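Below are two complexes that have subunit A in common, paired first with subunit B and then with subunit C.
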Partner chain A sequence: MEKRKTYVEDLDRGLYDIRNEDRYSFKVSSGLTPEIVEEISREKNEPQWMREFRLKSLEIYNKLELPTWGPSLDELDMDNIVTYVKPDTSLKGSWEEVPEDIKNTFERLGIPQAERESLAGVGAQYDSEVVYHSIREELVEQGVIYTDMETAIRDYEDIVKEYFMKLVPPNDHKFVALHGAVWSGGSFVYVPAGVKVEIPLQSYFRLNSPGAGQFEHTLIIVEKGAYLHFIEGCSAPKYSVTNLHAGCVELYVKEDAYLRYSTIENWSKNMMNLNTKRAVVDKKGTIEWVSGSFGSKVSMLYPMSILRGEGAKAEFTGVTFASKGQILDTGAKVIHAAPYTSSNINSKSISKGGGEAVYRGAIKVAANAHHCKSTVSCESLMLDDISRSDTLPVLDILNDEVDIGHEAKIGRISEEAIYYLMTRGISEEEAKAMIVRGFVEPIAKELPLEYAVEMNNLINLEMEGSIG
Partner chain B sequence: MSEILKGLNNIPVRTWRWLGVNETNLKDKMPEIGEYYLKPLSKYEGEGYKVIDINKNNSSIRFFDNKKELGVSETLTEIVTKNFNTGYLIEVEENKRIAEPLFFDYKMDSSNSILVDNNLIVAGENSEITVVMKYSSTKGVEAFHSGLTKLYAKKGAKINLVKVQLIEDDGIHLDAIAAATEENGEINCVLVELGARNTITSCKNDLISENSKGNIYSIYLGDKDRTIDINYVINHYGKKSESNIKTNGALMDNSSKIFRGTIDFKRGAKEAKGAEEEYTVLLSNNIRNRSVPLLLCGEDDVQGQHAASTGKIDENKLFYLMSRGFSELEAKKLIIESSFNPITEKVPIEELREEISEYIRRRMINV
Partner chain C sequence: MTEMLLEVKDIHAEVEGKEILKGLNLKIKKGEVHVIMGPNGAGKSTLVNIIMGHPKYEVTKGSIIFEGEDITELKTEERAKKGIFLSFQAPEEVPGITVESFLRASRSAITGKPIKIMAFKRELREKMAQLKIDESYGNRYLNVGFSGGEKKKNEILQMLMLNPKLAILDETDSGLDVDAVKIVSNGVSQFKNEDNAILIITHNSKILEFLDVDYVHVIQDGRVVKVGDATLVNEINEKGFENIGSV
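Up next, the complex of A and B:
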């Protein structure tokens, strides 16, 4: 069969790109000094220990160097990123009270509707602060806490102090140090022992202000035998200046507990997404990551699971779609730090229009982690010959009683498959979209329905105009 | 001189530093390069080829001189290409197929303990040659070997290079192969890395034209405090170029290993195929086994895959052999040896095959 060039149009981001007027009540000047950090802390009326923590993180930030690997971050000019933008509204418990333009943004993104239909609780963050938070009454009665981080520090100071940035310490890397200094907003979830939160909780992050950074902190503690599904969504309209997202997610999964953490990230394509996510899992606990990366200009995101209790499990299912102008460097890290732990990583990536998709992963098996099992599977699909797709896994094993496997495949859409579908009366464009949908199907089926639908829509939009 | 043995075997694309796989550093110092008096080859001429001693004539050895990253490190490459103390240029005439393998026996003894060899093999159009290079040392001698072997296969030519490294336990082995393959050419490297306290081995092959082929088959055996550090890179430039990397190894005692295997499909390498497979058997819980199989791709019309797996010796096989009357030790030896067989079989000299097999058995006394 004759080879033909495929031309694929860029995604019409439509509703994600609608931006609101930049209204705010408080904004610190660009750049980063101890004064700015103190200003943020003062504005938030924080306890002394948090103020000191911020200043110490800033010191570490100034000492650490940028990563010596991965995509170039030259474009990032920290002196021009506004670290803290407080929207012109305070935290609301009722949707009606949220200002019109902010409310419209979330309405367009389908958040309140999703809440009515399929969520147990919702948090919405606009720029640096959480503007809306709600949780179902019956969960509150069972002792479930779902609130914004600022409220959590005020009302549950002891718990926050015990866990905050203990799993991801500020000296981990430069952007975590930055996060420690200027973090703002985010969600706090506490599920008491034995409580099963049957329907998902969701937080949605929206960055509206140009040249701003979003540094939300998510802290989730799932106590012994408890169960939770948490969904995180992110987006921002596109401005000509570079925005920075350096969030931090810390997940504590206790004995026999289960946590599923799903993310659909669709930041605009001027966003530097340098996010850090980490989970620590105790005896027989389970962490499941479901991760979709579609947006941002540069992403460096590798959720880490530390399996420290015997029999703990980690699962990672991820899809990355890199289009024109994007470098999406994503993957997963697992540390097997106890016997009988297991992990399963399944990553799929698609690149087109000059986009670069990178899978970067690491599996480490500590010397004491006998009888652990790990399988890693990476598949990459290239839709044209101007894009890139790289697979960079590392396996580091210090114990012989293990069963570890890694495999990766790279290639294009099979022409036979397209030809076959076309002989059945399906257009070439539709045939390709079908194949791509089939490729990401294992991930789509792990997502809540409305997200799976959204992902399919994104793919259809991406594939539109792929004329033979 | 202490910085020379740092920054070795750089990975083509860097990753997290805490894994320690981006590069390797040795604590040892680079020794003073003295004379090497031994003659590794008995016969210098034959029908269709000639072998030139690099000390007598090194004018024509300047292949790939503009390329910096062809060896274990830039610094070492420079040292080897300027301060070598032995080495040979092997030229094969067009259309000649040399049936008999050429055997270079590089020995290190008390008066020749430092070996720095700089070799080049050029195979003329549609020619074929097999070259075997063995590296060994006398017990008790602190042997140091650093070398570079360049291979160039012209249109339709085939080069088989077999390297067998049986250096004694106190030796250091830093060996690099840099290859380029033209249209319809083929280069096969068989690397048997069994000895030396520290083995640092690099093999890079550029498949520059259409239908070129590059294969690397290797085995290693880690025991005691041995370290094995591997860096294989195949660059696919040519259309329909094909590559295959296959590495089997076993780790015992306190040994450690880093395997870096890269298949890089450059834009334009349409219909290229590359596959990489690594398997490690682990026989002790004090080992450290690191694998970095990289797949880099700038072209959509390719087929690439890699697989790495690691684990304990297959218990079913072990049980079966023991039920047939083998002791546990014998059964383990048998299983490991048989996993090496597909690669050792490619060594074309029977006495050398036997020596390898003998050597492996001797090494596995306390599996």
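Up next, the complex of A and C:
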């Protein structure tokens, strides 16, 4: 057999890297000014309050400094980032009407198949605007709203106005302020009280235009006693210029409601992924995060759960895979703001070829939040001796009646385990991939089948040429 | 005349720069059961690992011939594909991979053929029953949380499912109670036929009571110092390794 290269510098990412001709009808000039922000708002026909919100966010953005406590963001050059690219198509109701090249990309990403698999609805974002959207009629009958954010502002203005960037305000940090100013696209889901959405809703989006940042906004409201599983998956083609992703996810989980929010992010390896995700959970509500972070050059991603109602629960299950040239700084934050709240964080990271995987997490327990319970478990697997892994947990506990557990394990892949598998006829490369897949199995198990398969494919892709 | 299966010719081998095997010879023909005995540090494990191609062990001189082919430089998985199997003394725990899916991956790697799932499952159930392994172990992660005895049985299960030409059993009987030794020995006996061979590394003779042994090799200081038939086992038990003497 032909011997594999020691290291494949630039992996052939196959269907994940299909690039279409850069065809757009409208593109704002590089750099960020109030004029650009107003132009975005005008183009979208937004109400006055949203235009003002954008301009205020821009002001905040200009005042705030870049965060310095994490990975270096020197590569960012906001003056060079075209923030908004509108695909040359208007929102389509049926798959047949979507332009051919856009359709091909999605088809190769498996979206129609996913729909055939009887998933509830597909919202696919192409560049900055949603081009394809469908939802099952029964959901509509139940009063479930699932649409893109632009439509939501038009058709459900009151709801959007009540919740939009209230949980993640623009003054939170610089990239959230930027998001507030230039956000575009994303999903809006509203599940009325008592409605159980039995099948997962999913959206799939990707970046396509060189130099285009993506600032999609996801807003999900699950009313009292309602139930929802939402899946967000992204995979971007690669480009030579640095790309910025500064999305924002706001999740409102009301009393006795349940929301599971699953994502697999697979960014191209030049992407600066600075995403902000937050959930607020009322009495006896539950938020469950399932998160897979692949790709990107730098990622800073720390989904936060604010448990503000008695007995609220948060669970976070995440996997991060950092290869050569990547710094993935990820983790989870939980604020226990009420008594009898509980959280369970389970994070796994893999680093390889000099990649750096950092777990950065925080647990805060307020003074009045007695009888809280929190368990944090972080496991890191390094595939060689040039990769790095760090665990930076912060605990801030303001009362004594709590039960807090923290466990961190950092280890290198076992040579003996690789040998063991090889004695059973399995190649070194496949043995390593098997061990890595086994390592993340507890997370794969949490994903719907096709996403678990995709995650395994991504691992296999990342593991190619891993023999040093 | 029976066919030669494995020939270890004048092997010198090092681990981390230290020479452990110093000119060891061994010949195994099809249909034979061989036993290797020797004190701690004599080189038993090194021998096993150089036959299997452990990357940490370096052969500095000599060669290993399997079915007439020099395999000294072959990778571990290629040796496995040729039909060499090692039952580990302390098999690794591999979380996230079930016993069944591992065995499927392993068998299709070795045979190079896709697996017929239903037939495979049936066969696995039969072999598990034979070794008195609960069926639920098929869905458990490979060796994770297994007792010492369960790990050994799981190794023998793999041997039965992969059906190698040469099975090397490294201290398979150690840490097993009498009943477990019987079950494992039974499994090994049923595996044994005229086309394959078994190489048993052992400290004690429990497992040998249930098997017909053709040759016993005594290793000391990296060399075979004595070869005999099954009666040599009793001699060693009476006199100890020290007094077995040299060739």
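Of note:
The definition used in the following text is that the second predicted complex is superposed on the first by the 448 of 468 C-alpha atoms of A that agree within 3 Å, B and C clash if a C-alpha of one lies under 4 Å from a C-alpha of the other, contacts with A are read in each partner's own complex, and residues count from 1 in each chain.
FYI, a contact is a pair of C-beta atoms (placed from the backbone, for glycine too) under 8 Å apart; a residue touches a chain by one contact, two chains touch by 3 or more.
Please read these numbers as outputs of a predicted model, since none were measured by experiment.
Look at A:Trp69: by the touch rule set out above, it reaches subunit B but stays clear of subunit C. Looking at the shared chain after the overlay, A:Ala408 reaches subunit B, while subunit C stays out of its contact range.
When the two complexes are overlaid on their common chain A, residue A:Ser427 makes contact with subunit C while staying clear of subunit B.
Using the contact criterion defined above for the overlaid structures, shared-chain residue A:Phe439 touches subunit C, although it does not reach subunit B. Judged by the touch definition given at the top, the superposed model places A:Asp396 against subunit B, while subunit C stays out of reach.
In the superposition on chain A, A:Leu383 contacts subunit B only, with no contact to subunit C.
On subunit A, the patch touched by subunit B and the patch touched by subunit C do not overlap at any residue.
Per the touch definition, subunit B reaches subunit A in the complex via residues 13-17, 19, 21-22, 251, 265, 267-268, 270, 282-312. On the subunit A side of its complex with subunit C, the touching residues are 414-417, 419-428, 430-431, 434-435, 437-442.
Residues of subunit A touching subunit B in their complex: 3, 68-70, 360, 362, 364, 367, 370, 380, 382-412. Those residues of subunit C that touch subunit A in the complex are listed here as 52, 54-56, 75-77, 79-81, 85-86, 88, 91-97, 102, 105-106, 109-110, 141, 158, 162.
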